[in-house]
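We just call them A, B, C, D and E in the order they show up, numbering each chain from 1.
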Amino acid sequence: ARDLRLATTTSTDNSGLLGYLLPRFEAAHGIKVIVISVGTGKALKLGENGDVDVVLVHSRPDEDRFIEQEHGVNRRDVMYNDFVIVGPLVDPAALRGGRDAVKAFGKIMDARSVFVSRGDDSGTHKMELRYWSELGKQPTGNSGYRSAGRGMGEVLLMASELSAYALTDRATFYAMKDKVDLEILVQGDPRLFNPYGVMAVNPAKYPDINFDAAMRFIDWLTSSQGQQAISEFKVDGKQLFFPNAAP
Amino acid sequence: MELIETTRQALRLLFAGDAELWRIVWVSLKISVGALLLMSPVAIAVGYLLATQRFPGRRIIVVVTQALFAFPTVVVGLLLYMLLSRQGPLGSLHLLFTQTAMMIGQMLIAAPILVAFTLSAVQGADARVRETAIVLGAGRWRTALTVLTEVRFGVMAALFNGFGRVISEVGCALMVGGNIAGMTRNMPTAIALETTKGEFAQGVALGIVLMVLALGVNFAMSWAQGAGAQPQ
Amino acid sequence: MNMASTVPVALRDGAGDRDAHDRVVVSCHGLKRSIGAQVILDVNRLRLARGRIYLLSGPNGAGKTTLLRVLAGLDRASCAAFQFDGEAIDLAQYPQSVRRRIGFVHHHPLLFSTSLHANIGYGLKAAGVARAEAKRRIADAIEWAGLGGLVDRPSRALSAGEKQRVALARAHALDPVLYLLDEPKANLDERGREMVTSLIGC
Amino acid sequence: MELIETTRQALRLLFAGDAELWRIVWVSLKISVGALLLMSPVAIAVGYLLATQRFPGRRIIVVVTQALFAFPTVVVGLLLYMLLSRQGPLGSLHLLFTQTAMMIGQMLIAAPILVAFTLSAVQGADARVRETAIVLGAGRWRTALTVLTEVRFGVMAALFNGFGRVISEVGCALMVGGNIAGMTRNMPTAIALETTKGEFAQGVALGIVLMVLALGVNFAMSWAQGAGAQPQ
Amino acid sequence: MNMASTVPVALRDGAGDRDAHDRVVVSCHGLKRSIGAQVILDVNRLRLARGRIYLLSGPNGAGKTTLLRVLAGLDRASCAAFQFDGEAIDLAQYPQSVRRRIGFVHHHPLLFSTSLHANIGYGLKAAGVARAEAKRRIADAIEWAGLGGLVDRPSRALSAGEKQRVALARAHALDPVLYLLDEPKANLDERGREMVTSLIGC
């Protein structure tokens, strides 16, 4: 069978999730999966241009637009993990133990603490912007706000260097935990929920796309087997991704 | 220190013949050496012609070639992507995310470097070299070969620089190669990946492995070329 | 006449006897080279006959070197009817076949950074002379120029006169019809000057 | 086509004096020109010495310098990061994520290029240039200046190449600059960002703006230097 | 004796009358230069006195150029007791002050790609001669060498003899004690040779 090209975000690849899932899928279906791990924006662009067969990302509004504009079909929920607000141990804005993400952002702003933003239109960045707008504030009103324009790992390192706060997905934070002097200060807010969606590139647009393999991949990922594998994947004994595909 | 330990470990893996590391090394070398071998005859010829022929617009071409040094490799990658993408004019060739695409990108990146430095080497040569070849009855090709042989250190420097540039560039390789494990992952994209993961020591170690390779290639090249760079 | 600023142009005698017209090797009208507003060469009529030696004489900057370079096709010049050995030639597109019948030696010759053998054999190789034949002619030229003791020296290490000899041997090996030698004796000792004399007969 | 439209738009923004774009351009130029101005005197001097002095180990230094071309800029960035990071030996200077750090990185990246090409230019010069200066009573400095002036096209090519390399490099700038909007974002890191976002046309447009700038700088440099690159 | 392969070494006469010993400008013992196994210069004892002209004569490759280069400090040589104007000198560390008292002209001189004025003034500038004074001396040298008509030409465009004259003027402007001229007449016409004669007296 022809190889399947998957464009996905760095969080799924760098956390080791794909390394755990794909051999199982490949064994079951005899289809080799080629992973191109990039930012959400670029992953969707590759799908839009028909350069990959299937896309696995986390930015619901962008995903919906992708389907709406008929670049993709068959979008399915796969799993979620969650965002957490991390910061330096000294915690100058006193966020520790909080649950409310929007309130935490307000405290950061009031304390004029340094906050490092992804600033790259990624799913994480868009989530962050939602909290600011719920707060009713312009993030740039804070002189400590740094729009970094970089990936999650780099933003965590930068926050650690600058003793700053940051919004991150839990998987990347665990993967980077040993390298940064940061800890989770705020978690558990339902608004911090981070869902991943998978979708096939529209075969009507690109007839020679590997649509069959893409569908099989989506089916497997949302099947009980795939869902179970996701929940079995652990880093340091902790589960990072929680399957939530509709049966 | 962690850095030294990791580097030692990386070099140990290299010499122990670690399959994963060697595959990456091999992809790097194959693509970059290939790109250089394919591009240098053309680029050296162009540089030679620019140095020896006068025609209107020559000066402009020279300055533009030198300005192309400033063209970020990622933009080369973007343009090539647009060409090779399924929607692009060459989409039907299905070259995207292949080593071939990476090689084409590196050829484009190497070209201005090779042209400009050949040009400056030939321009710096004593005019009598070319004249002597001509009056002794050498044709265009032999004359060119003679001149280039006489300025071989300059041509060599062009090749070294071109090689260094392509084997270490990451922007284009990521864009058209995709950093696919086991297929299009080369040293620089592997380093970039380690960096994103925060594995700095690992990244530096791979960088040092790359340096060791480049040193090896450069020594081999300068040895093959004989004599070596002696002051006059 | 002033030897040191004298440049010989020599033509080897063709075999057999032909009439005077046949003996003309180079002829042209209105040979002129100017750079910007400055005319640096202006020869009304030029005729070089086989078997003769011409000494160009004139003060520094008279245009002696320029004339030789124009005749060798190294410098451009405008010219009415340039003929080489009866053949009409466009000076700007000097044909290789004609080049091989001319032996031009720079005033201060340049040796390629190859071996002495390779230097002398360069023109032969370019002319496609067979290896054995080329080898013989190189050996002859080395012997003729008395360069036997220098064959192993790097060419950049040679003295001015030694370089001059190698360059003469390099031209000699090609056995040209016309020699264009720019101040060929300036660097040479007694022995070397005899060499030039034997080459062109003056 | 989208690409042409976006590029036209980017150039329009540039010439309309768009504050955001110009700040990025200004950061780029300031850092790269600064790095080149600071590094070139040293690097050119080193290249000159390597070309004119003989000492044991010289050949090795030359080959290593050329191999440094292959040192990925991101690895330079990593090493500098380790130095400047809070835990690093120079952490107390608080230089990480500043323009100063980017400039230091670019100086390191430019150094081997400037050294190697000055060396090859000087080595290609006629030995009589230096000898004539010496016998006319010039001291070391004047002699060096005379030789470098005579091979100015080669030195110029070194500067062009060095400038092109640093103004377009992204690995080190991202690593030690951090691509912080309004502070350390320069043209290449801005391009990298557009690329990650999937805004490919935007990335190419910025790349073309960068090229236009490089062309401007190169024309200015070659104009300031006079004469221009003529064939002999 | 063979003019074309003859190299003059000339010393200007010092002012005033001194005894014979005072008049020695250069002296040394066992001057020797070898490259690899090959000895290319071996002079037992060398004494150059003020006011005299020495013509080095010998076949091509005899070592004439080498000797001049060694005396000018351009080539290394081993040597027992090198003295310049009574001062003991380490040949490997030729002091600049001595350099300025020597006028060395290459066999085939090189002009810097600057103007003719800048070429002639180069040594003066290096010696820190004041601008007005330098200007005067440059003008003198140009007049002396008859270069008036060439001042606007690019130096690479000059003919061999013209270059030679510029180089002589360049050395002349420095008014050195010792001239080391490598085949200075080889490229020159009558007028130029007279110039050299006026310079060194032969």
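The rule is short, and it goes like this: a residue touches a chain if its C-beta (ideal position, glycine included) is under 8 Å from a C-beta of that chain, and two chains touch if they have at least 3 such contacts.
All figures in this text were calculated on a predicted structure; none of them were measured in a lab.
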item: Chains in simultaneous contact with subunit A and subunit E; value: D
item: Selected interface, A-B versus A-D, where C-beta contact pairs are more numerous; value: A-D
item: Most distant chain from subunit B by Cα centroid; value: E
item: Between subunit E and subunit D, distance of the C-alpha-averaged centres to the nearest whole Å; value: 43
item: Subunit A-subunit C separation of Cα centroids, rounded to whole Å; value: 78
item: Length of the line joining the C-alpha centres of subunit B and subunit D, rounded to whole Å; value: 18
item: Gap in Å, rounded to a whole number, between the CA centres of subunit D and subunit C; value: 48
item: Per-residue overlap in subunit C, given as positions that touch at least 2 other chains; value: none
item: Residue list for subunit A, restricted to those that touch at least two other chains; value: 151, 154
item: Touching two or more other chains - residues of subunit D; value: 126, 192, 195, 200, 232
item: Chains grouped in pairs wherever the two touch, ordered by label; value: A-B, A-D, B-C, B-D, C-E, D-E
item: Subunit C residues touching subunit E - in the complex, by the definition given at the top; value: 2, 4-5, 35, 58-61, 65, 107-108, 150, 157-162, 164-165, 183, 185-193
item: Sites on subunit A touched by subunit D in the complex; value: 38-39, 41-46, 48, 119-122, 146-151, 154, 158, 161-162
item: Residue ranges of subunit D in contact with subunit E within the complex; value: 126, 128-129, 131-139, 142, 146, 149-150, 232
item: Residues of subunit B defined as touching subunit D within the complex; value: 3, 51-54, 58-59, 62-64, 66-75, 78-79, 81-82, 113, 116-117, 119-121, 123-127, 151, 153-154, 157, 160-161, 163-165, 167-171, 175, 187-188, 191-192, 195, 200, 203-204, 206-208, 210-211, 213-215, 218-219, 222, 228-229, 231-232
item: Complex contact set, residues of subunit E against subunit D; value: 72-74, 96, 99-100, 102-104, 106, 109-110, 112-114, 122-123, 126-127, 156, 170-171, 174
